Structure formats: C-alpha cells, structure tokens
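Following this line, the structures themselves.
Note that chain A is present in both complexes that follow, paired respectively with chain B and with chain C.
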Partner chain A sequence: MNNQPNRKEMLNMINEISFAVLETQLYLDTHPCSTEALAYFEECSQIRNQALKEYAKYYGPLTIDTATSACNDRWSWINDPWPWQEGGC
Partner chain B sequence: MWTYEKRLQYPVKITQTNPKIAQIIISQYGGPDGELGASMRYLSQRYTTPYKEVAGLLTDVGSEGSEMFRFSLSPFFDALAIA
Partner chain C sequence: MSNYRSNDMYRQQYAQNAYMQQPVSTPCYDRGDPLENMTIAMAYVPWQQWRQIYEPAKGFHRGTIFKELDKPFVGKRGGR
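Then we have the complex of A and B:
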C-alpha cells in the first residue's frame, strides 16, 4: 500500500494532459494537415491513456474504457466518489 | 455518442453559501447567454455550416458544453446551500 502513487498528484497530471489533448484536438479540427500538431496529439494521447489506466488500477476508473483496469470483482463505478463530491476531484 | 469522465476539467470548491452568487451561476448555466443555450447553438449550427473543419470544431466545442453543466450546477447548489 505504501508505494501507491498519490491520488491528487495522479489526478492533477491527468487533468493537465487531458487539457493538452483536448486543445490539440480542437486545433487539429481546423488545422488537419499540421504534422507537428498531429505528432503532439499522439504523444499526449498516449500519455493520457496510460495515466488513466494507472489511475484506474489504484483509485477506480475515471472513464468507462478503463473500468476493467480496476481489477475488482464487482462494479465500482457507482460507488467511487463523483468529481464534485468529497474525495472526488 | 456522448460519454463522460469522472473528473472535472477544472475543479471548483465553494466554501460558503452566497445566494447572490448562486443567482449568477445559474444564469451562466441556463440564462439567456448561458452554457445551455450556447452548446445547443453550437450543436445545431454544425449541421448547416459548409466547412467540415468548422462542423468538427462546433461538434467538439458543443460537446464540451455538457462539462460546463456539471461544472456550474454543482457550484450552484454549493453556493445556494452547503450541506
């Protein structure tokens, strides 16, 4: 239990990388041929997916796609705190 | 079509009740220039815009509107009355 990464730090990191992914997504909508932006998107997107999986393993899934990474034998989606609740975001 | 993540894009924490501010927040939510109307405008204008770049952008930005719903409705209740 001691080598568990800090929840707040992990969530912060996910928030930051998700921001980068989203903004690059919007940029690419209007600049679809920018290879530079495309490369940046791929890089950020990979980091984000990895981080989401990592988070789900310790603290429950943030996305439905990582719900299986939580390695529980029961469905925890409705029990984990919502982001606006104490212990959430 | 629509999915959500169990996190907020920008966490907010209201520490004291303030009905006046609650009034402003709920107006930002569903008022005449609020997020609800804005996202519906984005999502309906996307169908008639002749440029696929713009249609994509309107779809993506309009979808973010739902983030704003949660983003402002939860602070609204907090500002109105903290349990």
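Then we have the complex of A and C:
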C-alpha cells in the first residue's frame, strides 16, 4: 500500500496533462497538418490515458471510460464521493 | 460647418486613442501607419506557429501552453 500514488498529486497531474491535450487539440483544429503539434498531441494524449487508467486502478474511475480499469469484481462507479460531497472535488 | 466641427473633434479623439506614431498635436496623424498598404476596415490575425510550448504544469497554471499567448493583461494601459 505504501507505493500507492498520492491521490491529489495524481489528480493534479491529470488536470495539467488534460489541459495540454485540450490546448493542442484547439491548435490542431486550425493547423491540422502541423506534424509537431500532432506528435505532441499523441504524446500528451497517451500520458493522459495512462494516468486516467492508473487513477482508476487506485481510486476508482473519473469518467465512465475508465470504469473497467478499476480492478474490482464489483461495480465501483458509485463508491467515490460525488463532486458535491466532501472529498469529491 | 457644424458638421465639419464635430467630425474634427472625433478625429482628434481617435488620434488620441489609436496607436498612432504622431503626437496628437500634429494634424498629419494618418501618416506613418505601418499598415497603410493593407485594405482598410479589415482585421488581421497572423497565423500562430508551434513554438515556445510550456510544460503541461506551467501551461495549466498560466492558462495557456503557448508562451506567445501568455500576455500580461493587467487591466490598464501598457505592459510590464
């Protein structure tokens, strides 16, 4: 249990990388042929997906897309606090 | 004649507000415009280039990953 990553740090990292993905996405909307932006998007997107999976593994899924990464034999989607509950957001 | 006068006042005010290189006192405020060869009444936005990208953490806190768009908007005239 000691090497379980810190929840807040993971969330921060997911927020940061998600923002980078979004910014690159917006750039690509107007520059669809930019190979540099495409490469950066791919890199960030992969890191983000990995981080979301990792988060789901330890703390439950943030979105329904990673619901299967939360390794449980039971449905854990409703276990975590909702955004309006304490510890939710 | 009254029409001409109000027009003149408007022009003076315009010259004060716009990025004109001439001081307000010169009547030739429409000279020395670096954009003078471009069609009037059109807005121009240069293409953004992929360069000077912030690290994700910095971009998140600055509100943009593009250093060139990280402007010091301070709510008053002039930059830092």
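Heads up, the rule we're going with is that the second predicted complex is superposed on the first by the 87 of 89 C-alpha atoms of A that agree within 3 Å, B and C clash if a C-alpha of one lies under 4 Å from a C-alpha of the other, contacts with A are read in each partner's own complex, and residues count from 1 in each chain.
By definition in this document, a contact is a pair of C-beta atoms (placed from the backbone, for glycine too) under 8 Å apart; a residue touches a chain by one contact, two chains touch by 3 or more.
Note that the structure is a prediction, hence the values are computed from the model and not measured.
S.K.: State whether A:14 touches chain B only (first), chain C only (second), both chains, or neither.
M.R.: So A:14 only meets chain B here.
S.K.: Residues of chain A touched by chain B versus by chain C: which partner has the larger set?
M.R.: B
S.K.: Which partner chains sit in contact with A:40 here, chain B, chain C, both or neither? Use first/second/both/neither.
M.R.: Second partner only, chain C.
S.K.: State whether A:29 touches chain B only (first), chain C only (second), both chains, or neither.
M.R.: First partner only.
S.K.: Would you mind listing the overlap between the chain B footprint and the chain C footprint on chain A?
M.R.: Dual-contact residues (chain A): 15, 19, 30.
S.K.: Of all residues in chain A, which touch chain B in the complex?
M.R.: 11, 14-15, 18-19, 22, 25-26, 29-30, 32, 60-64, 77, 80, 82-84, 88-89
S.K.: For the complex, give me every residue of chain C touching chain A.
M.R.: Per the stated touch rule, the residues are 47-48, 50, 53, 56-57, 59-60, 64-66.
S.K.: In the complex, go through chain A and note every residue touching chain C.
M.R.: Per the touch definition, chain A meets chain C at residues 15-17, 19-20, 23-24, 27, 30-31, 34, 36-37, 40, 44.
S.K.: In the complex of these two chains, what residues of chain B are touching chain A?
M.R.: Interface residues on chain B, with respect to chain A: 3, 5-11, 53-54, 56-57, 60-61, 64, 70, 74.
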